[in-house]
Amino acid sequence: MSEPRVITFREALREALAEEMERDERTFLMGEEVGHYGGAYKVSDGLLARFGERRVIDTPIAETGFAGVGIGAAMVGLRPIIEFMTWNFALTAFDQLVNNAAKLRYMSNGQFMLPIVFRGPSGAAHALGAQHSQALESLFAHVPGLKVVVPSTPADGKGLLKAAIRDDDPVCFMESEVMYALKGPVPAAEHLVALGVADVKRPGRDLTVVTWGKMVHVALEAAEALAGEGIDAEVLDLRTIRPLDAAAILDSVAKTHRCLIVQEGWPFAGVAAEVATLVASEAFDLLDAPPVRVTSLDVPMPYAQSLERVVLPSPERTIAAARRLVGHDAPAPRAAASVR
Amino acid sequence: MSEPRVITFREALREALAEEMERDERTFLMGEEVGHYGGAYKVSDGLLARFGERRVIDTPIAETGFAGVGIGAAMVGLRPIIEFMTWNFALTAFDQLVNNAAKLRYMSNGQFMLPIVFRGPSGAAHALGAQHSQALESLFAHVPGLKVVVPSTPADGKGLLKAAIRDDDPVCFMESEVMYALKGPVPAAEHLVALGVADVKRPGRDLTVVTWGKMVHVALEAAEALAGEGIDAEVLDLRTIRPLDAAAILDSVAKTHRCLIVQEGWPFAGVAAEVATLVASEAFDLLDAPPVRVTSLDVPMPYAQSLERVVLPSPERTIAAARRLVGHDAPAPRAAASVR
Amino acid sequence: MDAALLQGLYRQMLLARRFEEAAARAYAQGKIKGFLHLYIGQEAVAAGAISAAAPTDYIVATYREHAHYLARTGDARGAMAELYGKATGCVGGRGGSMHLFDARRRFLGGWAIVGGHLPIAAGVAFASKYRGEDDATLCFFGDGTANMGAFHEGLALASQWKLPVLFICENNQYAMGTPLYRTLAVDDVAVRARGYPIEAEIVNGDDVLEVREAVRHAIEHMRREPRPFFLEAKTYRFRGHSVADPAKYRTREEVQKWMERDPLKVLAERMATLGITTDEQLKAVDDDVRAEVQDAVEFAEQSPAPAADTVEEHVYV
Amino acid sequence: MDAALLQGLYRQMLLARRFEEAAARAYAQGKIKGFLHLYIGQEAVAAGAISAAAPTDYIVATYREHAHYLARTGDARGAMAELYGKATGCVGGRGGSMHLFDARRRFLGGWAIVGGHLPIAAGVAFASKYRGEDDATLCFFGDGTANMGAFHEGLALASQWKLPVLFICENNQYAMGTPLYRTLAVDDVAVRARGYPIEAEIVNGDDVLEVREAVRHAIEHMRREPRPFFLEAKTYRFRGHSVADPAKYRTREEVQKWMERDPLKVLAERMATLGITTDEQLKAVDDDVRAEVQDAVEFAEQSPAPAADTVEEHVYV
């Protein structure tokens, strides 16, 4: 019964949506093309047929409008799941998330809960250009009152989405176009992954690679290659960005004494900087080398693959940074942007 | 002629606006209440009378609309100055700044310049509550394609605003309600302060306090008190957040071996984390102690003064952090939020 | 004409008026901080509209919401204490004048980003319809809000989904220092509603009964068959945008003209003509209301400020 | 009726058609990546509108802008190379299909956040008026854009400030898989324009001359006296939203019905009736256009990809 089947990330998310909608009648899914079309990326395919138009709601193109509708509905006890076709478009609803959703509970002195999930793909796919390729978790994670979740596997995707839907605070749940087809084992039985708990995706002794979402796979690929060189990297998947599992990061670094952070987004004031600062201030005396970031270059995303390829963090750049970090012979790498 | 007069921050900004509008007919000021009302905070008082309705334009409440109008006008060669009554409201235009202004030059392969300044007050004043008290520079500084300037004195305010208006890239210029009445010497003659150049506001030997904007005054007050205890703090005013003057930070830390960062905004993935990461990775072997952040607590801003007071960084919290940092006896302080 | 009704509305409006006059004094004494947006002159809109609603209908308002809060909750102490930033305030001193809430009494704020609460109100109405409940949602906002994208999206979704939300535009002729004609190329905000399309009506916002009647009629329809309505109430604020605003942008004559339409004056005269009140009775109501406000002020002054060590509570559940 | 004009328009539309057919083939071969939004079926709108504008009038468009770019610039090579992500593309491979620009020829994008470019177009028109120049700005967008806040704010400011911008709504009946009736409670997008108020007209978007005439007339007015106009062109896209979309949400009958209105077919028939073309001539035009497209494809294929070491150029001046 509960032995895992291998399904895609997309199917795992769909199961989470279906199970939670089955479980709680207050839960509904709303967004562009989520119903009749089955979702721009087919995550919600079949849910309209199963739950009907009352609970699977196609919206006009009006992110501020339907994000606000979700907030209002959550204020009075519903548990909305708002899909942004991609998080790039959520920037047109930024005010609703940052000025309203993140503030309500605090400024009402705890009178209101806001059990709402905003979800959709974030980050680069392939050649989608500057306006459609942004990894935006750092922007939302900066804001107290929001929670931010970025899953990396089908099992985590299902477990974290279910937990996010049951959470009583606003959660920004960031998926990835290029991961929807990714396959992995997912428990058939009830499967929940608590928010705020990181996961060691690969244990190792020589350095800790802190990462999340799509980059977990870049880190794992790099770790395999490094193993061949006798460098044993631990890959720590944050899974939840806010709240951050600081203890898990510090525990791992206490063991490895070296910390590399791999982040898809832009370097400046990103989550990677938060992790680096945490490690530098909390584990300073345990570190054998400064924390190092591997991130996207500090540029808008170019369309041409020849350029996009060098912008995004790659196993190669991760391997090079890890070698420097472990060797600690080469001069400490310059700011993330130039870590190639 | 060029000996400085003492004027307010507000007057200094007004001079910058007037001089640049005088100098370049392509420059105009647009925003809510900037004309007939003279500006919600009176920065543009008198400019309508001087330049007329063609160049000082009152707008409806439509931030996305007039931010976009500014971008379009800048695309074809005008040099707009767009005032946001406060930066909190700019979040309703976030898409225009992040998806359009920041991307245009890159995605047009350099065909377009975007000489536009978005300006207005950012950060807490007094008891304005959760939606009106946000220090938002970290959000905008995360985005390549934007420049971010946060002045701290009347002279810098004038010189940086003039430089921002002459700059050919989009600049987010963040002022402060509580600083508008601040007085200081400002050269009467032409006065420009280059973007991207930090400024030592107080030289010192024992630790470097990296800060910007309103917090410069908190840091200076703390530095005075620390001097009484024999702790000689250098106060480095970044002035421009993006591009960041990394060299100035590293030079100062190379001298003091200790770095404290004072930031008004929220701790998580803020500019302070970027500075701490820079110092930790570039000056690791020069540091006698981990970099420490003093920031706002990780909460939306409460209205009650008894709470607002403890949320914002204070000279007291800065002094306490500096003592710990220099003594380095007490355990390294935990994440910024809990640095009281 | 129901005498008790008129007398009740009069008292409600007067309570809001005296409450804000007291708040303005406290502000002048530095006891209230931040922004303070007075509703003085507009009282008929909140009083008339909310009196027409059931206690179970939802209210969503702006930063200029003292009168709405009082009309719904009657809680002068909680409101005044909140303006004072005290722990006994209706949101414990965390919200302030612009962010009053009372979940139990379905008063859903207190929002201060122009336009942002219209989609939220549509969402509250969405929830009612989703649950098959016939509660209506009343959403108040100003004339200056009509150009915001959130206004457009809120109305568009409410219309598309036939949500039982009543959009009440309190057209007080100004957005801060900007007269409406400088930001709206049509004469009435209501014209905008028709493009969605949402049935719109324009009323004299200084006539509490006219407002009440229009809202009653709209809610009646909404209960029978969920759909949005739009009401534009023409009124005027006698004070500045906030207490910090001297309001130099208006001529004394203009203000005078509108003051003759003072909703309290208008109603008092009507009650007199109807013979359902006397100067003595009006005086008695005023004394009574002043006492209630005085009690609220004393309550606020004597209440403790929120304890610093609670500052990190209520960010998350 | 000017024969050369019709022949020119026909060639323009056919060039767009063949260009996109070639792009679709290249996409199928994996030579073009990312999103590719085809305009096939809608060619009369871009061709008619842009032919009515002076080369100095500004064009602002969406991610579905190949035909607009070609109509303004004639640069098939630069466009195809851009789709291929080559250094010789009109924006050096940095933009891609959704972000074509040509500053010199006043083609201002290529924007891919729905609605975001309407205020930008208003700003371009603002600049013309500011400088006292009589250039008009043509802003193209789809039917699905009508509910976005940016649409509202762009129209509101253009109306308030009387900006010489022509908003051209390409109503192809669908926003991705969503038919207009499911997102618009009024029959015509044009109805929305009247609330600002902006003079609006509805035309048959598959009749290139009707589009051209309406745009000519609007621009004529705008030059005489700056103010916005709104044009709704009813048309249909024959392909999916993007090449990745099988468009299962439409019935074959529906597509058939619209294909009978194929703007190329309509124009060819009209030219035949007018006796200003023959099948041979049409064939010749097609050969000529195919050759031009083939040349663009070869140019794109032979061009180099942008060098990796240029990746950090053009973020800032």
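List of remarks:
Going by the order they are written in, the chains are A, B, C and D; count residues from 1 in each one.
Following the convention adopted for this analysis, a contact is a pair of C-beta atoms (placed from the backbone, for glycine too) under 8 Å apart; a residue touches a chain by one contact, two chains touch by 3 or more.
Predicted model only: the values in this text are computed from it and were never measured.
Shared contact partners of subunit B and subunit C are A, D. Ranking all chains by how far their C-alpha centres lie from the centre of subunit A, first place goes to C.
Subunit A and subunit B have Cα centroids lying 30 Å from one another. Here the CA centre of subunit B is 41 Å from the CA centre of subunit D. Separating the CA-averaged centres of subunit A and subunit D is a span of 36 Å.
With centres defined as mean CA coordinates, subunit D is found 46 Å away from subunit C. For subunit D, the set of residues touching two or more other chains reads 92-95, 99, 111, 113, 116, 147-150, 153, 156-157, 160, 183-184, 315.
Residue positions 59-60, 62, 64-65, 88, 91-92, 95, 99, 106-107, 129-131, 144-145, 298-300, 302-303 of subunit A are each in touch with at least two other chains.
Chain contacts in this assembly form a complete graph, since each chain touches every other chain.
Listed in rising order, the residues of subunit C touching subunit B in the complex are 33-35, 82, 85-87, 89, 92-99, 111-116, 144-145, 147-150, 175-178, 182-184, 249, 305-308, 310-312, 315. If you check the complex, the residues on subunit A that touch subunit C are 28, 54, 59-60, 62, 64-78, 95-96, 99-100, 104-113, 144-145, 147, 167-169. Listed in rising order, the residues of subunit A touching subunit D in the complex are 32-33, 36-37, 40, 58-62, 64-65, 88-89, 91-92, 125-132, 297-300, 302-307, 309-311. Considering their complex, residues 64, 88, 91-92, 94-95, 98-99, 102-103, 106-107, 129-131, 138-139, 141-145, 242, 244, 246, 265-266, 268-274, 276-278, 280-282, 284-285, 287, 289-293, 298-300, 302-303, 332-335 of subunit B touch subunit A. Contact residues of subunit C toward subunit D in the complex are 147-153, 156-157, 159-160, 183-186, 191-192, 194-197.
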